[in-house]
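Next come two complexes, and both contain chain A; in the first it sits with chain B, in the second with chain C.
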Partner chain A sequence: MRHYLDFYLTSMKIAIQEQFQYPVANYFYMIGMIAEPVIYLVVWSTVATLQGGTVGGYAPGYFAAYYIVWTLVRNMNIVFTPYGWEMRIQRGQLSGELLRPIHPLHSDVAYFAGWKVVVIVLWLPLAACLALIFKPSLNPTWLQVVVFFIAIWGAYLIRTMLLSLLGMITFWTTRVGALYELFFAFELILSGRLVPMALMPGWVQTISAFLPFQWTFFFPINALVGNPTTPDLLYGLGMQLVWIIAGIFFARIVWRLGIRRYAAVGN
Partner chain B sequence: MRVLKLAFTYLRIGIANEMQYRVNFFIQLLQSFVSLGTGLIGLALVYNYTNELGGWTRPELLAVMGVYIFMGGIINAAIQPNMGRLMEEIQAGTLDYALTKPADGQVLVSIREFRVWQLVDVVVGLVVLGIAVDQIHQRIGMLETLEFVAALLMGAVMIYCFWLMLTSTAFWIVRVSDNIINLFQGVYAAGRWPVTIYPNWLRLGLTFLVPVAFAVTVPAETLTGHLQPLTLLEAAGLTLLLVALARLVWRLGVRNYSGASA
Partner chain C sequence: MDSNNAIIKVNGLSKYFQVAVREAGLKASTKSLFHRTYKTVKAVDQISFEIGRGEVVGFLGPNGAGKTTTLKMLSGLLYPTSGQVQVLGCEPSRRSADYLRQITLVMGNRNQLSWDLPAVDSFELYRAIYEIPRQQFIRVRDEFIEMLELKDLVNKPVRNLSLGERMKMEIVGSLLHTPKVLFLDEPTIGLDVTMQRRIRTFIEDYNRRYSATVLLTSHYMADVEALCKRVIVINHGKILFDGSLSQLVERFSPLKTISVTLSKPIANPSQYGEVIEQTSGMVKFRVPKASTSAVTARILADLPVDDLTVEDPPIEDVIEKAFSHEGL
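Then we have the complex of A and B:
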């Protein structure tokens, strides 16, 4: 246990130092990402105003808060991509990682977790600018703030597991780009990334209740900007835990099956 | 003349290259339909709650989406791959090979790549546009068609110039490639909706800073009767300005380029 902790702390430290060297690159990345929620925000605020102030019970201030917090949650959702797995497996880079006495997933989780610290720090001034422009209505209780901070890390872990599972498909077949795109499209609609879940038709909400996506996106955002009850918050954290455990479970199985098929290419 | 011949040769090589990977066509087809599907869902969600958005009806917004997809296809087929390659070569220092060739450097770096399968989006965009125009029931005569084609052409040139300037920043700042593509795609996605719905500061940005307005909204305006009389003239002016500016930035960049190998 001790050496895992050591490993995580060191990897995170390296990631933090490495990423702080490229603030411009990181900012370009984040600004590019901000365009998407700003578009949704403008569209839905316009619709709300046209409808006499609210749409689906939400006022423009809620949308502003939702999509500003969205930017942080989206950043927390960035993990080692399936395309990275594709490259790692196709080019045989995995061979080197297999020689280390620690599972490769640990280094992904640790490195990106360190990067997140940089992202959160860089995000704060961006969020302040967005808040000045769009005037969100945000008055969470302390409990909501605490749950939010736990939930964004829960979201990070769930999405890491999901995308790793997707990436590991490359053990069986190359060229999985189209499959990924399909996955991202489903995720866009079922996670709350496009609109708050309550604006979706009832049947979409029913489907998404059985899937992990909304716990990585809608739940953390709504935990902070909505009016969830305490049982809602606890239930959400519980569901995150369930999906993290399920993710780790399946990742282990797929990893075991996949690694048997892995034949190093290149080196 | 020589430039055209050169462009045509590269086009042929590009197509021949892509023809080796025909499965990519089906993958592209699937991706195009997935993104069309999500776009339509977004539109349906909005019009679930309202009948018009900033003066645009549902079929009119469908027309905007058609142009958006069409232009996206052009960008992904002909503009972005060239700029991606340029960026990599600036970073790796291998741009020497292009600059030493006996043709204009800017022309050469802009025509070397062509991804023919991306043209699926061009077709999808045209189909969506056709359906939208049919639903709008507005008579489209010779004049509107000419205006539309002119607006599209100028829009594509503006996007190209913008991309070239953005890419040229790689001459000064290293390690920007993925982030710049990401940045552009993020901002371009704003074109899915008519820029008139955005707040003033953003609309100005999307018009003059990143010419999304002229690339997508204006061509759609020509077909939906939203066009203001002077818009096309403004577009022509801005096109000329951007062409000159892009040339200037490119020149400055090349002067700043020192290569890595030579």
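Then we have the complex of A and C:
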């Protein structure tokens, strides 16, 4: 356990050092990402105003809070993508990591976790600017703040497992990009990324309850900006835990089967 | 070698790949959508050998011979199609953490260090990965930095280093955990002569200090001559030769070269042996090994000799001959 702690801390430190090499690029990257939530925000705020002030019971202030917090959650959801897996398997870049006495998934989780620390620090002034412009309604309790902080890391782990599982399909198919795009379409609709889940039709919400997507987007955002009860918050964290464990379980199986097919070509 | 003392035991090891094949052109491409044809490539085919503790063995063969595939199976990157492999008593394909802590695979064209940071930061990550005790880590790191003369470079971002400097850093990083078995795949590829020599000396020192077992592939025969008493020659996935370098020369080149510097030109030099080069003051003969002393004596007695040297043929020529003697 001490070994893993040492590895994670060292790896995160390396990731932070690397990201500090390119602070401007990181900032531009984050600013570029704001376009998407700002469009959603403007659209829903306009709809709310046209409908007499609310949509589905939500006022523009709620949408502002939702999509400003969205920007952080979206950044927390950036993980090693299936495209990255495709590259590392196709070109044999996985070889270097396979030679280390630690699973490559640990390296991915640790490295991106370090990057997240930089993301959170860079996000704070950005969120302050957005708040000044869009005036969000945000009055979370301390419990909500604590749950939110845990939930964004839970979301990060769920998405890491999901995208790693997708990426490992490259062991069989050589290319997995198309599958990722399909996954992305489902995620967009079923996660709360496009619109808060409460505004989705009932049947979409029902389907979504059985899938991992909403626990990576809607749950963390709603934990901070909505009015969830304590049981709702605990249930959400529990569901995140379930999906993390399921993700690890399936990732282990797929890894064991897939790694036998690894050809280590090129490296 | 006593099989019980062997650190690396390879028995009937094979690795076959299924490769999709099709002819060029749109028609063949369209046909392949419905019917794909595969062929089996035998990258490594039923090879067996053993290597003892502290041995440095050259693993030689032309491109595509199966050297790197073998190294990848020995280091656990590839699952063998058939056969048995044991390294340090472990089955490499299981890739147990204990096993991986005792070996390293250095590939001349592979970069593992963080591009943007000084190598010393990446070394710190290796310390954590390999659970190297802090004191040991500092001692070994500093020792290697000194041996490879990297003191002034270790704090520079890796992207600012030359190819040779980067390679030296990669080697330091790969050996920080002081592995007992080194698989070196062309560690000096693309480096200038001085840098090659420095790395060779380092490998030699490491082998001596840590009694490490080394299996080395290289296309630079200077690496092989300097480091390896024993060589294994492989081609088309099969072992053609396994023995000492001198045995290899004996077996694949039963000829010697006699170079004679003359004070005046001579007529009809071919009576002494096959003339392979001739200028006004110099003649080079190729003669069978068994008759070298007799021919040398005749030359010295008959000709106006200023200087005479007898040499084995260049090792490159011997290796080339060995590659072409497949099936011997």
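Keep this in mind: the second predicted complex is superposed on the first by the 267 of 267 C-alpha atoms of A that agree within 3 Å, B and C clash if a C-alpha of one lies under 4 Å from a C-alpha of the other, contacts with A are read in each partner's own complex, and residues count from 1 in each chain.
Heads up, the rule we're going with is that a contact is a pair of C-beta atoms (placed from the backbone, for glycine too) under 8 Å apart; a residue touches a chain by one contact, two chains touch by 3 or more.
It should be emphasised that the depicted structure is a prediction, and the values quoted were computed from it without experimental measurement.
With the C-alpha superposition on chain A as described, chain C and chain B fit side by side in the combined arrangement. In the superposed model, A:R256 lies in contact with neither chain B nor chain C. Legend: residue contacts after superposition of the two complexes on their common chain; A:V195 is shown touching chain B, with no touch to chain C. Partner contacting the larger number of chain A residues, of chain B and chain C: B. With the two structures brought together on chain A, the opening angle seen from the C-alpha centre of chain A toward chain B and chain C is 90°, to the nearest 10. When both complexes are overlaid on chain A, the residue A:S95 reaches chain C alone and has no touch with chain B. Once the two complexes are overlaid on the shared chain, A:H3 sits against chain C while remaining clear of chain B.
Judged by the touch definition given at the top, the superposed model places A:E181 against chain B, while chain C stays out of reach. Distance between chain B and chain C in the overlay is 7 Å (nearest C-alpha pair, rounded to whole angstrom). Within chain A, the residues touching chain B in one complex and chain C in the other are 22. The part of chain A that touches chain C in the complex is made up of residues 3, 6-7, 9-11, 14, 17-18, 21-22, 95-96, 98-102, 260, 262-264, 267. Residues 23, 27, 30-31, 34-35, 37-38, 41-42, 45-46, 48-50, 52-54, 173, 175-176, 178-180, 182-187, 189-190, 192-193, 197-199, 202 of chain B touch chain A in their complex. Taken together, the chain A residues at the contact with chain B in this complex read 22, 24-26, 28-29, 31-36, 38-39, 42-44, 46-47, 50-51, 55-56, 175, 177-178, 181-182, 185, 188-189, 194-195, 199-201. Put simply, chain C touches chain A in their complex at residues 17, 72, 75-79, 95, 97-98, 100-101, 103-105, 107, 109-110, 112, 114, 116-117, 121-122, 124-125, 127-131.
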